[in-house]
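Both of the next two complexes hold chain A, though its partner changes from chain B to chain C.
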Partner chain A sequence: MKRNIVLAVVCMLLISMMPIMASGNEENTASDGKTVVRILTRFSNPGNPREKYFQDMVAKFNEENPDIDLQDLSISDEGSRDTRFKTSIASGDPIEVFNFLGYAANLDYVRDGVVTDISGEMEADPEWVAAYKDNLFGPVRYDEFGISGIYGMPIDPYGVCCFYNKAIFDELGIPLPETWEEIEAATPALLAAGYTPMAFGAMENYRGGHFYTALSMKAYGSEFKDALISGEEKWNGEKAVNLISYMKHLYDIGVFGENNMAYNADGELSRLENKQAAIIFTGSWNLAAVNAFSNADDLVCMGFPYFESVPEHKDDWMGGPDCFISISSKPGDPDYEATLRVLKYFTSYEYLKGQYEYCNGSGTYPVTFDETIPADRLTNEFNSYYSNATDMIGEIEQYDAMASLIDIVRTNLQTIFTGAEPQAIGDAIQLEVDTWRSMNNY
Partner chain B sequence: MALRIDKTDRIKAWFLSLPALLLYSAVLIYPIIQVFRMSFYSWNGIPASPMRFVGLLNYKAFLSDARFLIALKNVGIFILSGFLVIFPVSLFMATVIQKNSPLKRVFKTCYFIPQVISRTAIALMWYFVLYPDGGPVANLCELLGLTNVNVNFLGRPETAIYAIVLINAWTYAGYNMLIFSAGLTSIPQELNEAALIDGANGRQTFFRITLPLLRNSFNIFALNCIIGSITTFEMVFVTTNGGPGYASEVFGTLLYKNAFTYNNYGYSNAVGAFLIFSSFIMSVLLTKLFEKTKD
Partner chain C sequence: MKAKYLKKHGFGSIFYWLIAVLLVFLFLYPIYFVVVSSFKDNNEIWYTMFSLPEEVEWLNYQDAIFNVGILRSVLNSFLLSAGATLVIVIVGTMGAYPISRHIIRGAKQLKLYYLIGLMVPAYGMLIPMVKLFTQLGLRDKYWPMILLYAGINFPISMYLIIGYLDSVSREIDEAALIDGCTVPQTLFRVIFPLCGPGISTAGILTFLNVYNELVFANTLLQRKSMMTISVTLLGLKGERFTSWGVMFAAIVLSILPILIVYLLMQEKIEAGVTNGAVKG
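The block that comes next holds the complex of A and B.
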C-alpha cells in the first residue's frame, strides 16, 4: 500500500512537471502570420488629449504595418501597469515595448537583461535621435553601476508645478501666493470663504511622495537627496522628519482641506475645475488636460511654492526626464525587427511633432521642434518657470537601488493624513531601509 | 464478506484516476511545492536573475514585520465578524426562507444575489456606495442631519477594516443562508411538533432542538469562515489596497505587494507558505474539534 502511495506521488509530480519542462520560448506569431508586438504604457484614458493621440497612433501603426499586430496593453493605473509588466517578466514572456522609469530603482531590469541596450541602434540611425535633447538620457544610463549603454528613449520630460484659480484669489483680494509663508497666511481667508487652499488627493499614495521630493528641493536642494541615498542622512533624521512635520503642519492648519483620503489626483483636477480648490499641486503632464477645462481662463500656472527663508533653493525643482520607452526583444530574436520598428515609430520626431500639434503646443517634449506652435498661456507660464530651474531631480526614492522604497515612502507619507506622527513615519521608513540593506549586504 | 480486488482491477483504478490525479497535481501540488521551495530564496522576479538561498530569512523578516501583526489582527476581526455578524444574519435569513410565505422565492433570490456577482464588482460597488464625496451613504447621512459623522469609512484607519468586514458580511450572508437552510430542512418536523406538544415555546424549540441539530451546518460555516478570513484578498485589495497606510492590510495584500510592488518574490512566497500552512492546520484542528464535539 505504502509503495503504491509513493509511486502515485512520484508519478503525479513527474507528470505535472512535464508541461513546464516542455515549455520554451516561442516566437510571437499570430495565426495570420503577423508578428505580434505588445506595447504597455500608461496611456489608456481617451479623455486626456495626449493619451487619445497615442491610441489613435496605435491604430494608425497597425494600418501602416500590415505585417505587425501591435497590441496595446496600456493601463493608466500605475499599480495595475506594474503588475502586468512584472507578471510578464516573471513568466518568462516580457512585454516587448513598455514604458520604463529608469533610475537606480529599476537597475535590476537592466542588470538582469530585461531591458535592451539601444545605444547601437541609436548610432546606426542618427536621424532617429537627432532632435533629442542629450541631457534627458541620464536616468537610463547605468555607467556608475558598471553597465554601459542606453536603455530607453525619453518621451515625457516633466516638471512639477501648481495651477492656481486666480478668480478665487481676485475675489478675496489676495495676491497669488508664491511662497509657503504666503500660502499659510492666505489659508484662513480661503477656508472662511469655503475653498480648499491646496487640494491634495492623498488616496493615491504617490501624491505624498511627489510632494515630499518637491518640498525637499525647496528646503534643502538636491544635496539632501544625495545624502539620503548614500545613507549619510536617515529617513528618521532631523532634516527628513522636519519635512514630514511641515507637511503635517500644512494639513493641520487646513491648507490641504479635508477628506484627503477620499479623492485622488483626478479629484484634485475636478476640484480645480469646479472652483472648490484655490490651488492644486501637479505636473506638466496635466497641462493639456487643464487647458481643456471650462474655467481655463481663470487658471494660472506657477512653480511649486518655495520658502521665503530659503531663497537659494527657489528654483530647485522636482522634474526632469521620467518616462521612457524601452524594449525587451534582443537582436537576433525573431520579433526584434518588428519591436524596433514600433519603438522608433512611437519615439520618432514625427510622432512627437504630431502630439505637439494635436495638443496645440501644450506640454513638454524631449525634442526641439523646428517650427514652434504658439503655445497656450498655461504652457507659456509653465515654461517661464521651468526654464529658470537651476537644479532638478526625480522622486528621491528612484535614486535608491531598493526597488520597494518608493512604495514604502509613499505609503508611510500617506499616513500623515490618518494622524500618524512625523517621527514615527520616519522611523518606519528607516526600519525598512535598514532591513533591506542588511538582507542585501548593501 | 470482504471485497476482493485483484491486480487488474487495481491497475484499472489507477488508470481511471490518472486524469484527475494529473490535473490535481499540475494545478495544486506542484504550485504548493514551488511556493515552499521559493520561500527559502531571495529573488526579484526576473528569470535571468539568480535565486539566492537565504534559509529562513524570509520567514524571519515576515514574522518580525510590523505589518504581520496588523494583518493578523485584521484577520482576527474578519473571523470574529463572521461569527458575530454573518452567522446570526444568515441563520435568521435561513429561518425566513423556511417559512411558508408567498414571498419565499423573492427573499431567497434577493439574499443569494451577492453570491452570483463577482467579488471585484461587489467591492467596487461598495467603494462607490461608501464614497465620502457625494456617495449614497454620505448623502444619506447629510439628509439625516448627521453632518458631524466622518463618512469616509474606507479612508480612515480606525474604520476601514470594519467597513470591509461589513461588505464581506453582506456578500457571504446569502451563501451561508443556503448552508443553514439545508440544515434546517434536514431537521425532522416531528421533533418540533413533539416539543410543541410537550409545551416548549418557540425560543426553547430553537435553542434546544434546532440549533443543536444544525451542528453540521455550523461546522461547514465555521470552516469556511476561518479559512476564508485567513486567505481573504480581493475585497481589501479593491476597496483600500491595505490602506490607509497599512491599516487594512491582510496576508493576501502583503503577498501581492511583496511580489508585484516590491519585487520581493521570496518574501511573498513565505507569506504564501504561511497562508497554506495556517489554512491546513486550521482545517485539521477544526475537523478534529468537530469530531470531538460529535462524541
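The block that comes next holds the complex of A and C.
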C-alpha cells in the first residue's frame, strides 16, 4: 500500500513537472524584440521598506516601458551579489546596471572599462542631475589616477550616528553623554543598573571597521586617513595602534558589554528597543527602523561621541556617499539607450522623492527636496548634527587601491573581541599592506 | 523499584539513556529554534531567543509565501533536484553496468576518466559554465540546469553504483542471459532491482546536493521566478537589515517537502544511507 502511494506521488510529480520543464520559464525566453537590461543591486528583501519600494518600481518601470525587459537580479547578500557581478564580467557579459561602491578600492573596474563614464550624459541632460548635491560625486571621480569622467550616480549618502535611550539616562539621573570621557564616566552606573552602555554587535566585521574610522575622525581628523593611504602613517604605527588600544580599552571597561561576537547589528537594535542598551552606534540607514520602535519616543539621535581633549575634530564625521548606480553599456552598444533610460529612472528626482515618501521621510538622500512630507523627529535630530559636519570621509580602507584591505582591516579589528592585542592587530594589517604593495610595485 | 532496575540493567543503561536524551535534544533543538523563531518578529528573536513567542506572528508566513515567493523557490529546488536525480539514476546505472561487467573495451580507463570528475572541483568550472550558458542562452532554464547538476554529481554516483554492482554476482547476469534476456533487459529487469540500495544512495546524495546547492544557482538562475531556496533565503539577508522571522518561516516551508518525501520513503532512504556507509 505504502509503496503504491510513493509510486503514485512520484509519478504525479514527474508528470506535473514535465510541461514546466519542457517549456522552461516563459518569462526568460527571448523577449519579443524587447531590449533586455539587467539591474543588480542589494535591494532584494521586501521586509525593508526601501528595498520593497525598489522592487515595486522595477515592476512599474516594466509596465511603463514595454520596449524594455528590465530583469531585476538583485540580491542583498554581499557575497552573492559580488559573485554575480564578477562572474558576469569574467564571462564577458557584464550586467548592464549595477550598484557600485566607488572609491580607489574599485579603481580596477573603472580602469578596465567595466564602468562607463556618464559625465557626457549628465551634461547633456542637466535636469536629471540638477537636484543632486555636488559634493557626493567625489568617490566616483578618478582624476588623481589620470582617469577623467564620472562613473556613477550617488543613491545612498549616509552618516554614522548614535541612538541614545534617554529614558535610561533620565532614570539614572545622568545627562546624555556627548564625549568619550562622559561615556566612560557614566559606564559604572549604567553597568550597575544592568544596562549595556553601548551595544556593539561584533559578529559582523563591518561594525569594527566603521567604528575605527569614526573614532579616527574624532581623534585625528581626515589627515590621518590621508597619511595612512599615502603610507606616511602605518597601520601598526603609534597613532593607528592607539585607536585600536582605545577600542580595546572601551571593551575592557565594559562600555561594549559582553558576548559581542554573539550578535550583530540587528542584535544592537533589539537591545536598544528592549531597553538593554543605553546607546547604539549605527548610521542614518537605521533611521526608518528606529522610528518604528515601540519605544521610539524614548530615543534620541546624536552624533558619534568626540573627545573633550580634541575639540577641533568634534564635527569631523564618518559618512558621505556610500553607494552609486553605474552602467557597463557603452555608447554605440545596441542596449545603450535602454540602459541609460533605466539608469535615469532609478536615479531620478522623482524616484528618490517617491522613496522618501514611501519610507516616511527617514534617512538621508543625495538630492535636496522641495515640497514634500516633513521629516520625522529622529531624522531632524540627525540632520542637525549632519549639517554641522566640517569634514567627512568614508571608511578609511575604501580610499586605498588595495581592494582587499577593507576586509583585512575589518576582520582583524573583530579580533579585539576575542582577546587579540592592539599591536598584533596593527602588525597583521600592515604585513598584508606591505605584501600587497611590494607585489603591485605600489 | 529503582534498585531493581539498576540491578537488572546496570548503570550502563542509565548512561545510554542519558546520552540518547542529550542527542535527541541536540538534534531537535535547531528545529525547535527555527520553528519557534518563525512565529516571532526580529526584536523578539533577539530578545527572547529560546522562549515561545509572546504573540504568534503569522505575518512571517504570509510574507514568506506572497512577498518572498518561497513556494516557487521550493518548487524550483524540487524540480531541479528530482530532475537531476532521475537523470543520475537512469544514466548512472546504464553507465556503471558496462564498466562493472567489462562489457566494453577500455572499461578500466573509462572508470579512471570519470575519476577526473571527482578530482576537479565543480566550482572551478564556474566561469566557463557561465560563459557557455550565456552564449547558448541557457540561463534561467530548467533542463540545462538539470543536466549540469546531473553532470556534477555523475562521477560520485557512478562510483557508488559501480561499487554496488561489483558485489552482485556475475552468475546472475549469466543466468538471465541463458534465460533469454538481452543486455538491457538484464540490466533493468534483473540487476536494477538487485542494486536498489546502491542506486538509492546515489539518488539521495544527488537529490540533497542539488537541493542545497548555491553557487551555480546564484550565478545561472538569477530571475526571481527561477530562484532556488538557498538563493531566495540569501535575498532576505539585507544590506543592513535581515528579516529573520520571515527567513525562518521560509526555512520551515522549505523543509516541509523534504520531510514529506522522507516520511513517505523512510525505509528506502535509511536503507540507502546505511548501505552507502558500508559501500561508499
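Some notes on this structure:
By definition in this document, the second predicted complex is superposed on the first by the 410 of 442 C-alpha atoms of A that agree within 3 Å, B and C clash if a C-alpha of one lies under 4 Å from a C-alpha of the other, contacts with A are read in each partner's own complex, and residues count from 1 in each chain.
In this section, a contact is a pair of C-beta atoms (placed from the backbone, for glycine too) under 8 Å apart; a residue touches a chain by one contact, two chains touch by 3 or more.
What you see is a predicted model, and the numbers here were worked out from it, not measured in a lab.
Of the two partner chains, chain B is the only one that A:F417 touches; chain C does not reach it.
Applying the stated contact rule after C-alpha superposition, one finds that A:E123 touches neither chain B nor chain C. In the overlay built on the shared chain, the residue A:L73 is in contact with chain C alone; chain B does not reach it. Contacts of A:D82 after superposition on the shared chain: chain B is touched, whereas chain C is not. Once the two complexes are laid over each other on the shared chain, residue contacts for A:N274 go to chain C alone; chain B is not touched.
When the two structures are aligned on the shared chain, A:S44 is found in touch with chain C, with no touch to chain B. Once the two complexes are overlaid on the shared chain, A:G92 sits against chain B and chain C alike.
In the superposition on chain A, A:D266 makes contact with chain C only, not with chain B. When the two complexes are overlaid on their common chain A, residue A:M439 makes contact with chain B while staying clear of chain C.
Residue overlap on chain A between its contacts with chain B in one complex and with chain C in the other: 13, 17, 20, 83, 87, 90, 92, 263, 267.
Against chain A, in their complex, chain B makes its touches with residues 14, 21-22, 24-26, 29-30, 33, 42, 44-49, 54, 57, 61, 66, 131-133, 152, 155-157, 241, 243-247, 257-265. Put simply, chain C touches chain A in their complex at residues 42-43, 45-47, 63, 67-68, 78-79, 82-83, 86, 126-127, 130-131, 134, 137, 139-143, 146, 214-215, 218-219, 222-226, 231, 234-244, 246, 264-265.
Touching chain B in their complex are the following residues of chain A: 8, 11-13, 15-17, 19-20, 79, 82-83, 86-87, 89-90, 92, 108-109, 111-114, 203, 205, 259, 261-263, 267, 403-404, 407, 411-412, 414-415, 417-420, 428, 431, 435, 439-440. For chain A in complex with chain C, the residues that touch the partner chain are 2, 5-6, 9, 13-14, 17, 20-22, 24-25, 27-28, 30, 38, 42-48, 51-52, 71-78, 80, 83-84, 87-88, 90-93, 263, 265-267, 269-271, 273-274, 276, 283, 285-286, 289.
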